[in-house]
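You will see two complexes here that share chain A, one where it goes with chain B and one where it goes with chain C.
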Partner chain A sequence: MKIKVDSKKCSGCHLCEMVCSLFHLNIINIEKSAIRIKKDDLNTSLNTPLLCRQCKEMKCLEGEKGTKDKAKKRFVWNRIHAERCPFDALSILEEKAYHCDLCGGDPQCIKVCTPKAISIAQ
Partner chain B sequence: MVLDRKVAFINLTDRSAEIKSIPLDLRKKFLGGRGINMYYLSQSYSSKLDPLSPENPLIFGAGLLTGTLGFGSRMSITAKSPESGHLGDANVGGDFGAELVKAGFGHLVITGKSSGPVYLFIKNGKIEIQDAQKLKALDTVETQKKIRQELGDEKVQVMSIGLAGENGVRFASIRTGLKNSAARTGLGAVMGSKNLKAVAVRGTLDITISDPRKYQKYYLKQMKSLMETKWVQALGRYGTPLLFQYANAMGFLSVRNNQWTTVGDHGYALEAEALEPFSTGMLSCFGCPAHCRHRFSMDEGRYQGTSGEGPEYASIGSLGTKLGNLDLQNIIYATELCNRYGLDTISTGSYIAWVMELYQRGIIDQEMTEIPLNWGNGETILELLHRIAQRKGFGNILAEGPLAKKAFGENSKDYLLNIKNFPIEMTDERLPKSFALGMATSTRGACHMRSRPSLDVLGLPEDVLKKIYKGPVSSRFSAYSGKGRMVWWHELLNAVCDSLGFCRFLTVFSSPHAPQYRQFSKWIALSMGLFLTPSGLRTIGERIYTLERMMLVRDGISRKDDTLPKRYFDESIPEGPAQGEVISRDKFNEMLDEYYRLHGWDEEGIPKKKNLKRLGLDE
Partner chain C sequence: MDEEALKVLYRLHRYGFQAYLVGGSVRDLLLGKVPKDFDVVTDAQPNEIKGLFRNSRIIGRRFRLVHVFFKGGKIVEVSTFRSHSEFEEIQTEDGTVIRTDSFGTPEEDALRRDITINGLFYNIADFSIIDHVGGMTDLKRGMIRTIGNPDERFQQDPVRMIRVIRHASRTGFSIDEPTYQAILRHRDRIQQCSLSRIRDEFLRDLREGVAQPSLQLMLETGLLFSLFPDYQRALGDRSPKKEKNRKFFLSLFGLADQLIKRDGSVPEPVLLALFLTPFIQAITPDHLFLGERERYLYSIQTIRLGICQIFVPFSFPRGAKEMASQILLTQSNLERAIQRGGIPKRLRMKKCFKEAVLFYGILAEAKGEKVPPLLRSAVPSDLLPWWPKKEEPSRPAFRFFRKRRRRRPSIRG
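For the complex of A and B:
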């Protein structure tokens, strides 16, 4: 399971980011969300949702000890691993990074995306 | 925590900033946004306060729920208006309000005047004053880009003025993003008078939530039911231009400075569908599920290569039909020009309509206007926009807004359709009597957003209306009966809505099923553990509206000013679906009597002492 993105449909509302931080951390802070909207708000007005693509071959954890399955289920990551992502998909704030754990199988962000820019792909 | 947000008192003369907590008692009385802004403004408001003096406070205020899962994340900017000379207030969407909150602030009260151009940079509780010499004369979009570049952070949100604000054009706006504007009442000129080019904010602070699980569940429930309403579905598809169609079809549109009220079938050229070829998608303000904002691109024609956001219905009317202009591409371009210069599209259109009618009637001629001012000439409109923003020649006279009547003579006065020295907008209110009363009583002068009971358009059964308004209201759009109650009810609700940071369109505006006090009460309780009853919230609405009225009373405003332009009383609509409609002075007065009674104001429209005491406004 992963979250599929259709950038063209994204309205840039930030609701996905808000519910992500709320669900995982009981706070609202869009900087601490596994999904983030990259906005080109002063030029094309295009918005691009970015989040973990759940790669089979995880470049971010290459050479690391421990099971990758465990890491996949974690929301808070360290910035070193996040910086290895070739897609720049994880949000980083100070020394922490935020990784999409798919909310344990019931992604919350999808429920608030009214233009349907994000959806579940099996 | 929402309730931990601070207020900063910034003085640009001595470059000082004092950061204080917002007392819980003040929150309970005025919530945030417009409400708390009005409280701060009322501390220094007087008839003698010069709007362009350093003493006039320019107040930024995020709504109580701005930056959280609410129905919008808007903010208000408030000061004494250099346009009307009375209360100034403008509400704006976009991402700035939420960023201000993330930076730890609810309100900024800016006074003084800097010796040279500056901008404020606010980040996570800290305030810096930065030099803005390099930003001088830049348009509002370039200013935002340059500040982001200078600060090295693409996530910085900026509210800025353009050339119009710098030049003290009395109807200059304050802008963020490509289109969002705190446009009404000329607050861009107040900002310019302080030598303040922009306010930049950036924040990464947490907002703790009182009951996260129930709050998220409640939000989802509210969002789901909102998205099921026909109104929000249509809004998300077409944006506000869909309202143009109603106004034109029913005959309450301003055409050639309200000499007519419909353009009939010619209106197809400006309807929502006509915008589709230029629309490249829909956008949302921060935290809004409805996405009603168009982004546009013009890939061919005279204005090829222009892209941006908008236009909204208000701009289509104001720069379009009001000026006899039916060229959609010209309207889109003119709107974009206003946004870049930082001009309020509504007031700009109104003043141009005024001088076009003066020109039509021979009250002014080309010796003064420099160019012929013929109705519907798009290129003339663009030329005037440049001259106004640059204060060049005739534009310098127009830049003075209502004060330009000094140059045009006594005969010009009645053709500037205005209320409390603030011009009528893109509509004509002779048909919808509730709209007319709402314009007459609005605390920021002729403005539809203080009350506009759009539900009136729907013609809901009277038993349904009685349930909503708790009293008899006629379901006929053109009737007077009960409309005083309707206006009063919406004024209070909208005051609360603006203080929460919610968007008009997502509360009771065009859908009777949208949230109001009961839902607001729960929202506040679940997010911050503050318990305010639905009726208590309505009292807050009364307090805010009455405080605004009290500031106007200090200016000498009373019943005599709660009126409509002469044209509305004396000239019936000449043709179209609303043909023959005119406002009866007697019936208008009856509506006003009912309205004052419900507000607890005396027959002159002055709030009664016992009511002020009840609302805690008697100190």
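For the complex of A and C:
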């Protein structure tokens, strides 16, 4: 399972970011969320939601010991792993990175996204 | 040593004045390098110096000094001993700034200078080095140190921080620990300086062929982010690819330095475009759903925004800014031309075509890519030193067989 993004539909409301941090860390802090909305510098209405693509070949964990399935279920990651992501998909704050663990199979961000910019793809 | 500088020094000495060679020229001579320019200090006042040299002119309003002109456009700068620097301002109790032509002694003149290795005097009277500031020891130790307390010096004139970094990169010396710590403490003060002065010092950093070590030190100390806060997004801690971006940014200027060392200079717009590259990359999201034309228009807007945000506050020359934006804009045209397998005439006739290819070549080399022969053949083959030399096409073995003429049968009658 992974989350599919349709950038065209994103309104940039940041609700998904808020609900992500609230669900995992019990705080509302959009910087500590696994999904982030990249806003445009030109003040256009183009917004790009970025989050883990759940790749099969995980470049971020290449050469790491331990099972990758375990890491997939973790929300807080090490910054070093996030820097290896070819899509810049993980959010980084100081030495920590935030990774989408799909909320244990029931993604909360999808529930609050009214324009349907994010949806589940099997 | 330069003949003209000696002429100036000896004439001043002959007329009973103290005259020393000073600054970067003494440092370079001691390091075995060829100095670019020669500065002379003396106890003669500007009017007296002017009286001695017909080929001279007094310049400067606040800080009067004399330029002595020679054949071939050579200039020797002669100044009178001073007690404090041009950029240190003395404030009275009511806040008004006193600007005086404060003449002083040789010791005071040495102490007003920025770093110890620049505070050495060479005396032609007895061919000795006069060292009031411990410059000789630092020169031997390979150390860059401010004269006096670094905290005070940087508070008086924060541009000195850029100069310390430039001298460290130029000579390959290390920065003295208290000076380095003072840079970390006072880096944000740089924003209080005159923007045009910062711009001039910064451009000198880029132009002199030591941009890579300078920018590396600026990144390490955080001075680059104090100068250009927007670069936090591309090269700062919040950037997900900080290390990779920094490495790429520095490799770009490593290649530019190589070119400057070979050719003497790289066009300023190319340097500005190289500097802008990581910022443009950071602010350009991949809107893959946009069409080709829309994406091109979008990139134009992003480049214009980048130039406005980074260069406009420092009032960089308008021509250079415009050319830098043209170079960046032409990149997508070049890529399209390569894909199509031909460079259209309107692209080749562009004013900035050669610069755009130069920029493309530097970028490709930094990424480890190759420039296709199609593009290389459109510009002089020695534009970039790492391009393969143009091979002379081997002449095909071509034999000319003349058709044998048939001999006419002789007519004998």
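By definition in this document, the second predicted complex is superposed on the first by the 119 of 122 C-alpha atoms of A that agree within 3 Å, B and C clash if a C-alpha of one lies under 4 Å from a C-alpha of the other, contacts with A are read in each partner's own complex, and residues count from 1 in each chain.
Everything that follows uses one rule, which is that a contact is a pair of C-beta atoms (placed from the backbone, for glycine too) under 8 Å apart; a residue touches a chain by one contact, two chains touch by 3 or more.
Please read these numbers as outputs of a predicted model, since none were measured by experiment.
J.: State whether A:60 touches chain B only (first), chain C only (second), both chains, or neither.
T.: neither
J.: Is A:82 in contact with chain B, with chain C, with both, or with neither (first, second, both, neither)?
T.: Only chain C is touched by A:82; chain B is not.
J.: In the overlaid three-chain picture, which partner chain does A:42 touch, first (chain B) or second (chain C), both, or neither?
T.: Both: A:42 reaches chain B and chain C.
J.: With the two complexes superposed on chain A, say which partner A:90 touches: chain B (first), chain C (second), both, or neither.
T.: second
J.: After lining up the shared chain so the two structures overlap, which partner does A:19 touch, if you call chain B first and chain C second: first, second, both or neither?
T.: In the superposition, A:19 contacts chain B only.
J.: Give one of first, second, both or neither to describe whether A:117 is in contact with chain B, with chain C, with both, or with none.
T.: Neither: A:117 stays clear of chain B and chain C.
J.: Could you figure out whether chain B or chain C reaches more residues of chain A?
T.: Partner touching more chain A residues in the overlay: B.
J.: With both complexes superposed on chain A, which partner does A:8 reach: first (chain B), second (chain C), both or neither?
T.: In the superposition, A:8 contacts both chain B and chain C.
J.: Between chain B (first) and chain C (second), which, if any, makes contact with A:27: first, second, both or neither?
T.: In the superposition, A:27 touches chain B alone.
J.: Which chain A residues lie in the overlap of the chain B contact set and the chain C contact set?
T.: 8, 41-42, 46, 93
J.: Using the touch definition from the top, list the residues of chain C that touch chain A in their complex.
T.: On the chain C side, the touching residues are 237-238, 240-244, 283, 285-289, 298, 301-302, 305.
J.: Under the definition above, what is the set of chain A residues touching chain C in their complex?
T.: Going by the criterion above, the answer is residues 7-8, 38, 40-42, 46, 48, 82-83, 85, 88, 90, 92-94.
J.: Can you list the residues on chain B that touch chain A in the complex?
T.: Answer in residue numbers: 67-69, 95, 98, 102, 141, 144-145, 148, 177-178, 204-209, 212, 215-216, 219-220, 223, 227, 236, 280-291, 295, 307-309.
J.: Within the complex, which stretch of chain A touches chain B?
T.: It is residues 8-9, 11-15, 18-19, 22-23, 25-32, 41-42, 44-47, 93, 108, 111-112, 114-115 of chain A that touch chain B.
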